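In the two assemblies presented below, chain A is common to both, partnered first by chain B and then by chain C.
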Partner chain A sequence: MSDTGPIRPIRSLTIMLTLPAALVTTWWFISAGSQNFYFPPLQTILQTFLKVWLSPEALQNVIPSINRFFVGYLAAALLGLTVGIPIGASRHVRNLLEPMLEFFRAIPPPVLIPMLILFTGVGDEMKTLVIVFGCIWPVLLNTVAGVRALDEVLAEVVLSYRLSGFARLWYFVLPGASPQIFTGLRQSLSIGIILMVVSEMFAASNGIGFALVQYQRTFAIPEMWAGVIFLGIIGIMLSLIFRAFEAWILGWYHGLRRSQREN
Partner chain B sequence: MPAMLEVRRLRKVYEDASRTVEAIRDISFSLAQGELVCIVGPSGAGKTTLLKCIAGLLAPSSGSVILEGQTVAGPPPAMAVVFQEYSRSLFPWMTVHDNVALPLKHKKMKVTRREELVRNALSAVDLAGLDTAYPWQLSGGMQQRVAIARAVAYEPHVLLMDEPFAAVDAQTRADLEDLIRLLWHRLRMTVLFVTHDIDESVYLGQRVLVMSHAPAVVMEDVSIDLPDDRTQLETRSMVRFGELRKHIYSQIQRAKQGWRPPGM
Partner chain C sequence: MPAKPAHGRVHLGARSLAWLEGFGGLVGLALLLEMAPRAGLVSPHYLPPFSAMIVALFEEMKSAVFWIALGATMRAWAIGFIISVATGTVIGILIGSSNILRMLTRSTIEFLRPIPSVALIPLAVLLFGSQIESTLILVVYASFWQVLIQVLYGVQDVDPVARETALSYGLGPWAQIRYVTWPTTLPYLMTGVRLAAAVSLILAVTSEVAIGSQGLGKEISDTQAGGAVAIMYAYVIVAGIIGVILNLLARALERWVLAWHPSMRLHIVEAGE
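Then we have the complex of A and B:
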């Protein structure tokens, strides 16, 4: 243990930010004074960004998007868990369902959009369903794997102390599978953001994806670039929130892994 | 006196599509209330299978296990098991306190009573003050102490232990053996202790059941006539200890060579 105190986080933060800073600087100077209509100077893009995306009007697009994302993501997480746990717990159910689940997972969710428009119209339901359909698979399949890999000795402890039903689920199955479940949740997070934007590009009247397409069609190029940057920032923020949540829930797991590495 | 725990003509055969394995042929014995009995046998003798049948974790193929007059058909509330793999038998996502308290949450009792049991159990195994630690922050011996505390706090009438000290170092092992004798004296539990270590079985037990090679039967029920007050240094250097050890050792050697009691 050579790295101690506050030096380590500061150093790792510096390393983390070096390359992005270098790339942005390069972009800034190369694009400065650019006359190319499609590649405006970064300065212009950032000015537009402040004007367009940090304005009250932007909320009319941002709030519906984020809303649909959260509803879809949480529904997928909940469904993935409820369906994944019984599948993981029983070998017979697993053998029966796994090939089918793999098939569904292989379908790229955006291809469902035309179909879902037919069934559910062009409203929020369609867009939320697309997000659910894309996000559910990583959660579901990882939950199955996690429940399947629960420790046999611990399962006997649970049995011998007569823990069953909800207690078994809450104190044993869920925490035991949680490292795998979080792997699924993390994968679903980026899928969810992608589908949030894509679903708004088809038949929509608001949303970040809708705004991007509008800008592109009206040749509002700096606005379009600014939107791309804005989406990137949303992605980073969601991922930071997710990591904080994970660190809180899986603190024991990271500690356990550290202690196994040291021995 | 009626038996606390009785094993009657227990037989266990593992069967699947391709083969059948007879792990236990015919085992009968009983434990009186408050007895400490060790089961010793060569590795692969089916000791763990026997213990799981007694604990209600495995259904016997025939015969029965009777605890306080009731036939065991699933883990009984008056029994607790300490497993060999301490690192896998504690919940790594729970603190030491919560590991010990969890089984008590489903016994109807007041929170104050539960906390008292947890506190007493942890101090009985010398882990007071480590409530908020996680199991993986502790040494192997300490983890097994947590598992013992959890079993003790559950207030079982019969405590089953499946080679609980097989994976700890010799010094820790001696300490844990003394801890078991101490807890047994203090709490007046009935203890069934499975081990492959002959010295351990003689040092701990009032009786030692010697198991044959698989398919298992009881070869001999050896009464350990050592003084009740046992210490690692003195008891282990007694002439009688050596004799008992030698006797059981030769029985195990015979078991390994395939000798079985007549008719078994």
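Then we have the complex of A and C:
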């Protein structure tokens, strides 16, 4: 198989860039001189992109969005972990709460926006809370599943070494459940981005979603396209950050699995 | 999920106990939702008692509005889901079967996948307004990747020995897909199907809330704006129940389709992105 041989970096870079370059070039030339109101030339979109989204004014929309996203996402992660670990550790608590939690997770999170508007109005709290409420369930349920599936032999080793309390949590429970926890965190990431944008499409005065809707309503088409691209870049960057973080924390686990697969 | 069959079998009736406890948990939640507004812990204007929600739900179920909204959501879900699964499977097998195609498309897929589908909302609104096409764009864009990625994983997982055996038996490309690639890919595909079923519902309702296409999401934001809070919660409950049902159906399908499979392989869940 060609996968096994060492691939020269230049060749792999060429392969990596061929298709994207071809797609962008096609878009560029097909849209050049486009008279279609909804599909402006790519050149116009990119010029608008530089002007609108890489300007200091853009920060007024970008910073609040990113801020709400991180506060909401981190709060959800922390809450999901702290609540999920005790639930996962006790069979009865798990039995009691799991159907309820499955129900909460099954509610499509954007539905929470109208609900939370009732409680907190349309301010910053609402938007952050929507993200918290939407992101918490995948983390929580995956933490529960991860803690439940901890290796039983290891659990006995931990017991016989009399590790307890914080040491047990830090050296046994968290690492053992971490692959599952990261699955939850990854699912929450895309939900969080969705909610960040959608919550700003409702009564808001700043944010990326707010700007997008403004452009669309005023038929500022190149600006809107530029916004779509910008949001795409945000999504990609967040996923890259997440992947780097995961590679750092879960490096041991992926390495272990790779060596298991090779055997 | 790494199931531990030994766990459930040790005590007889452990399963029914779990059911009972879970049911108890739900009853407890209902009681809490009933008592909290009555005791004045939260204003009934924001959170009406649970019984009021249920009464509102039964009232709504008598009206055509409810069934039209439910039908619209389910229709958008079903069409979007089927398109995503079909295209994701076909394109996934196509790309995955060829080393060159896989390497060529890899960067593009990695780039396009994290783009949040809600970024397409303004575009969808301009092109299709609040028609079902808008919803479908969002649903398909989000769910397609879930299926595609799983199928790509699956095709790559084909045992080289099986592939070489098929080659030396002179199996043609179609027979190879049918007898070698497909059985290996199926468990991965089922994971993709399960994820796509949930994501499709999320995006269908998102589109109804954000764009105002017909469906449960629109009813929820309309009833909230109109101050009919109990009815709004009734719709939220319905949306949750549908989510649970779709989830259970997807799991049942997975078990049924993979009944022949020696084990529900452990790493499938972990590969689920």
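One rule holds for everything that comes next: the second predicted complex is superposed on the first by the 245 of 263 C-alpha atoms of A that agree within 3 Å, B and C clash if a C-alpha of one lies under 4 Å from a C-alpha of the other, contacts with A are read in each partner's own complex, and residues count from 1 in each chain.
The rule is short, and it goes like this: contacts are C-beta pairs under 8 Å (C-beta built on N, C-alpha and C of every residue); 3 or more make two chains touch, one makes a residue touch a chain.
The shown structure was predicted, so the numbers you read here are calculated from the model rather than taken from an experiment.
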- Item | Larger contact residue set on chain A - chain B or chain C | C
- Task: Once the structures are superposed on A, label A:166 by its partner contacts, choosing first (chain B), second (chain C), both or neither.
- Result: neither
- Task: Check the residue A:154 against both partner chains and state whether it touches chain B (first), chain C (second), both, or neither.
- Result: first
- Once the structures are superposed on A, label A:248 by its partner contacts, choosing first (chain B), second (chain C), both or neither. neither
- Item | Of all residues in chain B, those that touch chain A in their complex | 52, 55-57, 75, 77, 79-81, 83, 85, 88-89, 91-94, 102-103, 105-106, 134, 136-137, 154
- Query: In their complex, what parts of chain A are in touch with chain C?
  - Reply: 1-3, 12, 15-20, 23, 38, 92, 95-100, 102-111, 113-115, 117-119, 145, 149, 179-180, 183, 186, 190-191, 193-194, 197-198, 201-202, 209, 212-213, 215-216, 219, 221, 224-225, 227-228, 231-232, 234-236, 238-239, 257
- Item | chain B-facing residues of chain A, complex | 151, 153-154, 156-157, 159-163, 167, 171-172, 175-176, 178, 252-253, 255-256, 259-260
- Query: Of all residues in chain C, which touch chain A in the complex?
  - Reply: 1-2, 4, 17-18, 21-26, 28-29, 45-46, 99, 103-108, 111, 113-123, 125-127, 160, 198, 201-206, 209-210, 216-217, 220-221, 224-225, 229, 232-233, 235-236, 239-244, 246-247, 267, 269-270, 272-273
